[in-house]
Amino acid sequence: MYYHDRRLQYPVTVEKPDPAFARMLQQAIGGVEGEIRVCMQYFFQAWGNRAPTPKYRDMLLHTATEEIGHIEMLATAVALNLETAPASLQEEGAGDGIVGAVMGGGNARHEIEGLIHKNLLSGGLAAMPMDSDGVPFNMSHIYASGNVAADMYCNVAAESTGRVLAVRLFNAAHDEGMRKMLHYMIARDTMHQQQWLAVLEELGGPSANLPIPNSFPQEMEDQANNYNFYATSVDGTFPEGRWTDGPTVDGHGEFTVFQNKPLGEEPILGPARPDSGAQDQQIG
Amino acid sequence: MYYHDRRLQYPVTVEKPDPAFARMLQQAIGGVEGEIRVCMQYFFQAWGNRAPTPKYRDMLLHTATEEIGHIEMLATAVALNLETAPASLQEEGAGDGIVGAVMGGGNARHEIEGLIHKNLLSGGLAAMPMDSDGVPFNMSHIYASGNVAADMYCNVAAESTGRVLAVRLFNAAHDEGMRKMLHYMIARDTMHQQQWLAVLEELGGPSANLPIPNSFPQEMEDQANNYNFYATSVDGTFPEGRWTDGPTVDGHGEFTVFQNKPLGEEPILGPARPDSGAQDQQIG
Amino acid sequence: MYYHDRRLQYPVTVEKPDPAFARMLQQAIGGVEGEIRVCMQYFFQAWGNRAPTPKYRDMLLHTATEEIGHIEMLATAVALNLETAPASLQEEGAGDGIVGAVMGGGNARHEIEGLIHKNLLSGGLAAMPMDSDGVPFNMSHIYASGNVAADMYCNVAAESTGRVLAVRLFNAAHDEGMRKMLHYMIARDTMHQQQWLAVLEELGGPSANLPIPNSFPQEMEDQANNYNFYATSVDGTFPEGRWTDGPTVDGHGEFTVFQNKPLGEEPILGPARPDSGAQDQQIG
Amino acid sequence: MYYHDRRLQYPVTVEKPDPAFARMLQQAIGGVEGEIRVCMQYFFQAWGNRAPTPKYRDMLLHTATEEIGHIEMLATAVALNLETAPASLQEEGAGDGIVGAVMGGGNARHEIEGLIHKNLLSGGLAAMPMDSDGVPFNMSHIYASGNVAADMYCNVAAESTGRVLAVRLFNAAHDEGMRKMLHYMIARDTMHQQQWLAVLEELGGPSANLPIPNSFPQEMEDQANNYNFYATSVDGTFPEGRWTDGPTVDGHGEFTVFQNKPLGEEPILGPARPDSGAQDQQIG
Amino acid sequence: MYYHDRRLQYPVTVEKPDPAFARMLQQAIGGVEGEIRVCMQYFFQAWGNRAPTPKYRDMLLHTATEEIGHIEMLATAVALNLETAPASLQEEGAGDGIVGAVMGGGNARHEIEGLIHKNLLSGGLAAMPMDSDGVPFNMSHIYASGNVAADMYCNVAAESTGRVLAVRLFNAAHDEGMRKMLHYMIARDTMHQQQWLAVLEELGGPSANLPIPNSFPQEMEDQANNYNFYATSVDGTFPEGRWTDGPTVDGHGEFTVFQNKPLGEEPILGPARPDSGAQDQQIG
Amino acid sequence: MYYHDRRLQYPVTVEKPDPAFARMLQQAIGGVEGEIRVCMQYFFQAWGNRAPTPKYRDMLLHTATEEIGHIEMLATAVALNLETAPASLQEEGAGDGIVGAVMGGGNARHEIEGLIHKNLLSGGLAAMPMDSDGVPFNMSHIYASGNVAADMYCNVAAESTGRVLAVRLFNAAHDEGMRKMLHYMIARDTMHQQQWLAVLEELGGPSANLPIPNSFPQEMEDQANNYNFYATSVDGTFPEGRWTDGPTVDGHGEFTVFQNKPLGEEPILGPARPDSGAQDQQIG
């Protein structure tokens, strides 16, 4: 169960509100690389964790709980950046100092409204659980497979795309307060990349973990096709690299190359059933 | 651009059709761990690849093209397993030998129809691009970030959850033909886990790649918060592990522990604007 | 069953077409607060209504049918506002009087196209069943629970957010015809808020209806936890209000405050099953 | 920001695991009436709250934080009910005592697998953020409008449909532990219904709050159409009730009835533009 | 604008309620081939129709309005088929005559609940705007392109898949009342297929309408690639048919065959930008 | 199974990158009329094709394979148009020659970023499988019904809306390279419209194919309601046309007109069940 503190994890300040930047921040809230995703992913991994000891359940709860605070920071940042967004016709005029300064004047109203549609119309100038294009977050992006190594790679992937996004937002940020907040979130993403890789190392590293799942006897998979790169180009060329020869990363085999060709036959499904809603011509 | 061969990548045979298993196979077609996902993910990573050389674009095209053949195999397997699914009332009777044999008789019709609803009603006893619960695949699961290392971890994650799924399907399979097909697909997932990890190794491994993106100067992130585990439990306890002390995985720092507390203040958004559709009581 | 009249429920005129406003109006068509939602919500509540008399089924049909006419008005308004949206390159020039006047000239083409993408590319300068960010309406927003009191509160909620949206659109409208149309729709939302609250009053008001569902014997719920506010702050503070002491709104109890603490234990799921696709380390 | 305790809010025990009931519980996790919805709805309402004082922000945070613990309880309950779900072919046999006992034997495997598809294949016998049909939760269901009264009605609606769902689950529950957990959750829903209604009362009740938003001058809405019930039946009949005559619930008017007829004309959009991708026949 | 009649378009009766069939009927309500789809598709085509005369707008309104009555019939049929669905544990026993009779007894409860999850838990034993797998209807399936010929083909497609579905439901129906209702709906689908094809004929048939849109000067399209079948098989074989030689259907050309080969070069995107969040290795 | 060639199907060049046009092109990749849709639709129709001969399976594979190359061309075009999109604050200045030239200077940064949000933030200046409003492609748009005639009409519909879209993009294109690419894609859409209509002709044309499915004995449908236009206007007027009298398109009947009226009665669902979570007032 959970507790809260009214204060924020880290300071969130905005000197010069920027509605366009508010919309960009939405990607870090409800984008597939965003904070709702990692928060809920770690929670569901924790709550469904099956293991001899509750150690990883525990650890995941710590970080999932931390992530709620990140969504909160970003939601606050969005709201602060929308402080001066126009809500009515009257503000379009020359008198609207801040909007004019931020946006360059002229056709500011349409431009801003076009950028923040739902934040204004549906959210009332606040953050919403959606991405920068207004697409609501879809919870199918919560990866929790029941396999701890697969989950850790999902987490590294999430924190890698997450930090890439945070860096892009940092690069696009005008405001010193926003850059400060983002330089903190970038740092936390660095730690979380490390954290999940540390679990994989603690579990024994590539040779122990791979292939995932390691509980399936590897001799039951097709031994002729588990370490060969399939070259599918019509001219038979392929790019050579670490994946075309030498020992495999798990140390269980050697990389080779297979010039792809069909190993099966043309499938024949045969005529449709008379009562299946097909055309007569298919029933034959 | 692309070519096809009418034959299958690997043999797909079904001796004893099983509509329930057909539905389970749908997860490997249109589930978030399925083959449409990896196929399209590798294609979009290839098509958007920016790099000094086209080497990774090339490699991704080989494997993306291979994956089309995997979707094809699974779609064929679904269709073959639905060969005897009932399409009409008349088959419910005792005379329906195969369904009776497969399902145990009795209330077979409802059970099967409940399992395969859309495959029958909408797809006409064929595969559809949806998961085992009938949820259509949503293309937001195609992760292609523009950062090659982040993409590779996304790919390892996809092939890890993909092989976990394939193993579960193998464990649930009755039919020898289906187990044969799956033992091949499990092998290909093994290779693809290796392949993406091999790229990461070729790029220099953890110390060179991390944190992702490595193009952001690490001194610009918050140095006080990039390698410390945040303990968020109210009683101050936390699980010790590879992530709480010792050198970090990237070799750039040392893990420490931070007893979490607010570093920011309570945020004050202030009253709503008069024209923002709020209640009078909020405008103050 | 249903009939139509070619004429509109209320006049819809646009003197000065405004593509950006067309996009904003989309929120009232296909947004979660929009008219498709209330129309279909009232229909499904009516069609599934179970009660001793068909009275509420009847009433819901009247209002659902009215709402079709509201979607029609808004769709017409969108089409009229898109009359002069640019469909080709050639119009970008100085000669395009109306667009120039509306948008302020200059980089008008990109701005407009960026605002109305799908209305132009997919809808051919007409309304579409999507919101102002182009997200298609998802029918999971049709709340029809089979409980008439719950449904009425869902309807009050829908008409409240709906009128908030209509007011925001009114505040953003340039055109006199649009303001006229919206001042009518705002009025209808006022009536509908009243209408659903009137049903709740007719059903006996809070003391008779609450808690919803009132058909579950209240003595079977946890009597120790049904009227206490849970304070979850780490420092034990909480905001006092109508919900922390005094009689409850239903008159069945007294509000109290509970300093939240765990009433359960740490859950132990134990090791994973050997055949479940977990890692060996989880199986223990 | 946030803290956690490893222990559960309330005891969650399962004596006789029931995979089918696990699937039903999913509705309370990721259904539109479920706990993710209320948790995130209260958080986003809090984080975006604009008001002269932070009182409602505070209160919302208390209850949002409480709700995380409810998701956790349900996720734990799902995992416990899936303890004996079959993960492989081998368990289908007569020897599987527990499954046999729970499900009545016979064709148990297909039945169970058909019920829990994704929980097994994708989640590894754990809870997932989806509903009882396997549809992932879509965050567009987080209603946070920026208007406190509209939000409170959204919350009453959510807790009403939520308690209806909890009662249905209670009625369907076999297990004493599950009934105990649900009798607690039903009680919390009772409180939360009261809590949001208490806010509305504190804000002044119907006469002060209505119509929502009350910040729009009511004289600007169409005074001829804001308190009349529209009768849309072709025969002119309509159901009489609290909504057809007498004072309105807000006390601002009198209910009347309007026999619906068109107040506008047939809309004429005219021919399509030559460059708009229409057919020649439309361009005229 | 619109009117209603409390009576149904056509009789809907159910002698022997069948919850499993109720779920199948959901496909005809909220499936992509269902009645919500055609109803809303015809409405949006009508409301956005641009043409010299309102003739097609008119006609579309007639049929769209008819379709509301079809959704109503199906929603009623679902509710009637759920009359005896179990809502509580107590009904599982031998005493539940009707369910026993319908389902064959034994483990009926789980089976039924597994089939109708959301209709019970969320809808209270009524129809919902979702398909037979519980996936909510997504309004992106409303095709209204602004081109009348394209729209007519979309409508023929919708009524073709719709009639295929209705036939499958007819074939699966037990109940005489349900077969009667479906034999009516199948007939209406027959008419609607004819109706949209009649419009295409009235517009001049293939030679006048094709290619769609016919307002784009055909000489501006690539004359070398507009009537040749691309053979993409690696071995150069292809299936001969009406599409490989002879005059084209529009009479504007002759079919030929092109052995596919690349007409373009390998695309080179070049290195990533330094500030784009890529890896250093991509920036080069 | 499949092969690839690194080269493109047709040349894709961009002289003057235009980020706004890149976003518009997204509609042709991940819009409902886009290339992912037709590619996957033809594949799933092929893989599930049941017929006496594999002829149509073969033909569909040829064209599905061709379409992969179209997605590739468009993805390349998007990436090339995003070459100069701003990724950081620094480029906003006057020095940014290309952006300034393209966009007209001034507030270019916000405008562009508003147009391409996710392509920048999530995709790293590359194409993504989503439409021009950033909505990810949803695979429920893959129509493959198991009925070959229904499928062919779905394909004609897809290629008709697809060519309409391509023409709109051509009309909006600045760049000569883009117009060249589009004039090729428009031509291929012309061919594909012909191709699917040719199949329908080969299958015997309207009289043989209709009504779809033709395998359901037409005498089993309601003979009184299969060729009459339902007039639903309250005043009894209706638009006369090819659909109101004369022989039907299939030649099986004569069109007539039916003044719509209810053929059924008011449906009575009756009171709710005591244990169904309804209100007491509904149980009666």
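Labels A, B, C, D, E and F are assigned to the chains in the order they are written; within every chain, residues are numbered from 1.
Throughout what follows, a contact is a pair of C-beta atoms (placed from the backbone, for glycine too) under 8 Å apart; a residue touches a chain by one contact, two chains touch by 3 or more.
These figures come from a predicted structure and were not determined experimentally.
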Along the shortest chain of touching chains, how many steps lie between chain B and chain E? 1
Show me the overlap between the contact partners of chain B and those of chain F. A, C, D, E
Which chains are in contact with both chain A and chain D? B, C, E, F
Pick same or different for copies chain A and chain F, depending on whether their interface residues overlap by over half. different
Superposing the C-alpha atoms of chain A on chain C takes a rotation of how many degrees, nearest 5? 120
Relative to chain A, which chain has the most distant C-alpha mean position? E
Which chain's centre, taken as the mean of its Cα atoms, is farthest from the centre of chain C? B
Computed distance of Cα centres, chain F from chain D, in Å: 32
How many angstrom lie between the CA centroids of chain D and chain E, rounded to a whole number? 28
Just give me the whole-number Å value for how far the CA centre of chain C lies from that of chain E. 26
Of all residues in chain D, which are in touch with two or more distinct other chains? 1-9, 32-33, 48, 50, 54, 58, 61-62, 65-66, 76, 79, 87-88, 106, 111, 114, 122, 124-125, 130, 133-136, 138, 140, 145-147, 149, 161, 164-165, 167-168, 171, 212-213, 215-216, 232-234, 260, 262, 266, 269, 272-273, 275-278
Please give the residue numbers of chain F that touch chain B in the complex, ascending. 1-9, 30, 36, 40, 43-44, 47-48, 50, 54, 58, 61-62, 64-66, 68-69, 71-72, 75-76, 79, 122-130, 136-140, 142, 144-147
Taking the complex as given, what residues does chain D use to touch chain B? 1-6, 48-52, 54, 86-89, 106-107, 110-111, 113-114, 117-118, 120-122, 124, 130, 133-136, 145-149, 203-204, 209, 212-216
Quick one: which bits of chain F touch chain D in the complex? Just the residue numbers, please. 164-165, 167-168, 171, 234, 275-277
Residue positions on chain C within touch of chain A in the complex are 20, 23-24, 27, 31-33, 103-104, 106, 108, 111, 114-115, 131-135, 161, 164-165, 168-169, 171-174, 232-235, 260, 262, 266, 268-274, 276-284
Using the touch definition up top, name the residues of chain C that touch chain D in the complex. 3, 5-12, 32-33, 55-56, 58-59, 61-63, 65-66, 73, 76, 79-80, 87-88, 90, 124-125, 135, 138, 140-141, 143, 145-147, 149-150, 153-154, 156-157, 160-161, 163-164, 167, 170, 183-184, 186-191, 193-195, 197-199, 201-202, 206, 210-213, 215-216, 218, 220-234, 238-239, 241-243, 248-250, 255, 260-267, 269, 272-273, 275-278
